[in-house]
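Chain IDs A, B, C and D follow the sequence of writing; residue 1 opens each chain.
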Amino acid sequence: MNITAFIGSSRQHSNSELLADYVLEGVPHQKLIIKDLNIQPIHDLRHDAQGFQIVDDDYDQIIHALLTSDIVVFTTPIYWYSMSGIMKNMVDRLSHAIRDERFPQLKEKLLTTEAIVLAVGGDEPKIKGLPLIQQFQYIFNFLNMPFSSYILGEANKPGDIANDEQAVAQAALLNKQLKTMISTL
Amino acid sequence: MNITAFIGSSRQHSNSELLADYVLEGVPHQKLIIKDLNIQPIHDLRHDAQGFQIVDDDYDQIIHALLTSDIVVFTTPIYWYSMSGIMKNMVDRLSHAIRDERFPQLKEKLLTTEAIVLAVGGDEPKIKGLPLIQQFQYIFNFLNMPFSSYILGEANKPGDIANDEQAVAQAALLNKQLKTMISTL
Amino acid sequence: MNITAFIGSSRQHSNSELLADYVLEGVPHQKLIIKDLNIQPIHDLRHDAQGFQIVDDDYDQIIHALLTSDIVVFTTPIYWYSMSGIMKNMVDRLSHAIRDERFPQLKEKLLTTEAIVLAVGGDEPKIKGLPLIQQFQYIFNFLNMPFSSYILGEANKPGDIANDEQAVAQAALLNKQLKTMISTL
Amino acid sequence: MNITAFIGSSRQHSNSELLADYVLEGVPHQKLIIKDLNIQPIHDLRHDAQGFQIVDDDYDQIIHALLTSDIVVFTTPIYWYSMSGIMKNMVDRLSHAIRDERFPQLKEKLLTTEAIVLAVGGDEPKIKGLPLIQQFQYIFNFLNMPFSSYILGEANKPGDIANDEQAVAQAALLNKQLKTMISTL
């Protein structure tokens, strides 16, 4: 079972990344740190005669991860009540990716790629993070990806997520479920 | 009365920009086309000993617009059910801007800067755009900016917004209200 | 074309009812004033061996309206950020109605029954009424009813809705669209 | 420490009530089964010259519970994506209660009454129950009640809630926290 965690923070060892570490402890996975990749914003050419043009950046690494993972974990700090801009640019580019002739199998692959969302914020994330979860739901619905679970964590200072008992308990449970999935393959 | 429209689309003459044109027809304003500016993603250094560092890009134009406008119009296509990544990066940088020692007056200025949101999407925007509106509400609440109104428009192909009778009617009404405000100054 | 407006207010001539009057001015329709009907809360017997039992109240009038209308207008004051309890009890009973052997055609009929929502509140309804709209969307989705439009109006004192220019403009547009639909039958 | 659980289900031993039992296991509390009380829908007389009139039903039991509890647990099945109609009628009557001259201390008491929400549904409650949580947040905000936590559980058949590992884990954690609060009084 292949698992990829997309890490959308602008900080190293961010609280959201720590939450992903709790969820994936002892579970084989790869991390893609989005801020370390060169990802251009979408240029919407859906309605252009030539359509989308190949972009010379690192986005193929994202597509490759989507094509080879059974589970993808969208891990993001909550900046201004939604995902970080760097993760949003990654998501926006999906409009191009699902039309990219080099990857005709992408849309079908996603039908069986399970999505998990981990989001950590400092301003009442368990309430004010709900619109973000609804948006992820719409995103996965559009792509027909199964949205298996999400955790909203609360943290301000580096490392704070360890004090959010509820998020830590949810992460432990998800970790157990992932380990069960692996052992029963 | 100064009005700035931030345009968050990746296309020229996008439907969202057209909607802004309806709202601002005959009303003096400036446009800031975000995709034509060099705006770096936020690097969250709130918890760093040195704090945020000066970023060498065009963001000061955004701050200048915020400091000099009575009304700001956040105009964005709805990409994947939220604002475009380029607009999100602009918003994310507010975390730095409101702590920037060069602009100590910014936070106080925003208390009286009226915010308008115009968002146009192709997939049931009047429903699936609601989480985006809730997020803008949280953003303006955090900044204590008055959130005076929003319009959710539906459009797919270039120019389609002209066919959304409801959005066009709302834009006409908002246009009338803006003209009244100007004439009574 | 048959149109039924369900009126969910506890007051006569409520602001929400006035908004319905704007929308339906000059358009043939019937009104069902829910507070004047005897409607029992749902008793959830889905999992009971005998299933739902016939309830001796006025709910058949609701079912009859659903079976004979091309358009239904859910008109409700926003009490505590959602529909009124009397309208909620009416909605809850749909769980029984769609399983009622006396009305086997109800579910199929609803597939072509257009739904409109009019909701009026006093505390920032255009923002804080959005969860209510999302719930109606889930309701109509579940029933596969087309959800054609909604208006969120702001009003406190009796008659105040007349001062909500945006709601009045939206009502006028919807009124025009309904008249066009009728004239082109 | 006084705890009251308001039970909004129309079934005995409903899944939502079971979830409350998990949360309150070993914790002294009282339950108010709303369906067993006679609670009239609100009659909105805020704008009437005489104001609200005394209603001859069991609502004073609700008010009494609010006046004497340190924690109140709103426990509801998710019917049609929001709280049950019987619980909604109870909530609607708060508009009267906070203006009731017989209970001038109610509004102030609520400032320190902690609210917990437990909601159980069968159709993707962890996503489609989010508007309900947002509404409760608006309600508690209006009343200035601290909204300490919520659990969204998934269940269809009687007893199913026991299979929602995440809800059960959250309930166990909340139970532990309540016991700690009691022991440190």
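One rule holds for everything that comes next: contacts are C-beta pairs under 8 Å (C-beta built on N, C-alpha and C of every residue); 3 or more make two chains touch, one makes a residue touch a chain.
These numbers come from a predicted model, not from an experiment.
Taking CA atoms, the transformation carrying subunit C onto subunit D includes a rotation by 180°, reported to the nearest 5.
Centroid to centroid, with C-alpha atoms defining each point, subunit C and subunit D lie 26 Å apart.
Rounded to whole angstrom, the centroid-to-centroid distance between subunit A and subunit D, based on C-alpha atoms, equals 34 Å. The geometric centre of subunit A is 38 Å away from that of subunit C, both derived from CA atoms. For subunit A, the set of residues that touch two or more other chains comprises 130, 134. Each chain pair that touches appears in this list: A-B, A-D, B-C, C-D.
Within the complex, the subunit B residues that touch subunit A are 9-11, 14, 35, 41-44, 47, 77, 79-86, 88-92, 94-95, 123, 128, 130-132, 134-135, 138-139, 142, 157-158.
For subunit C in complex with subunit B, the residues that touch the partner chain are 126-127, 130, 133-134, 137, 147, 149-150, 165-166, 169-170, 173, 177.
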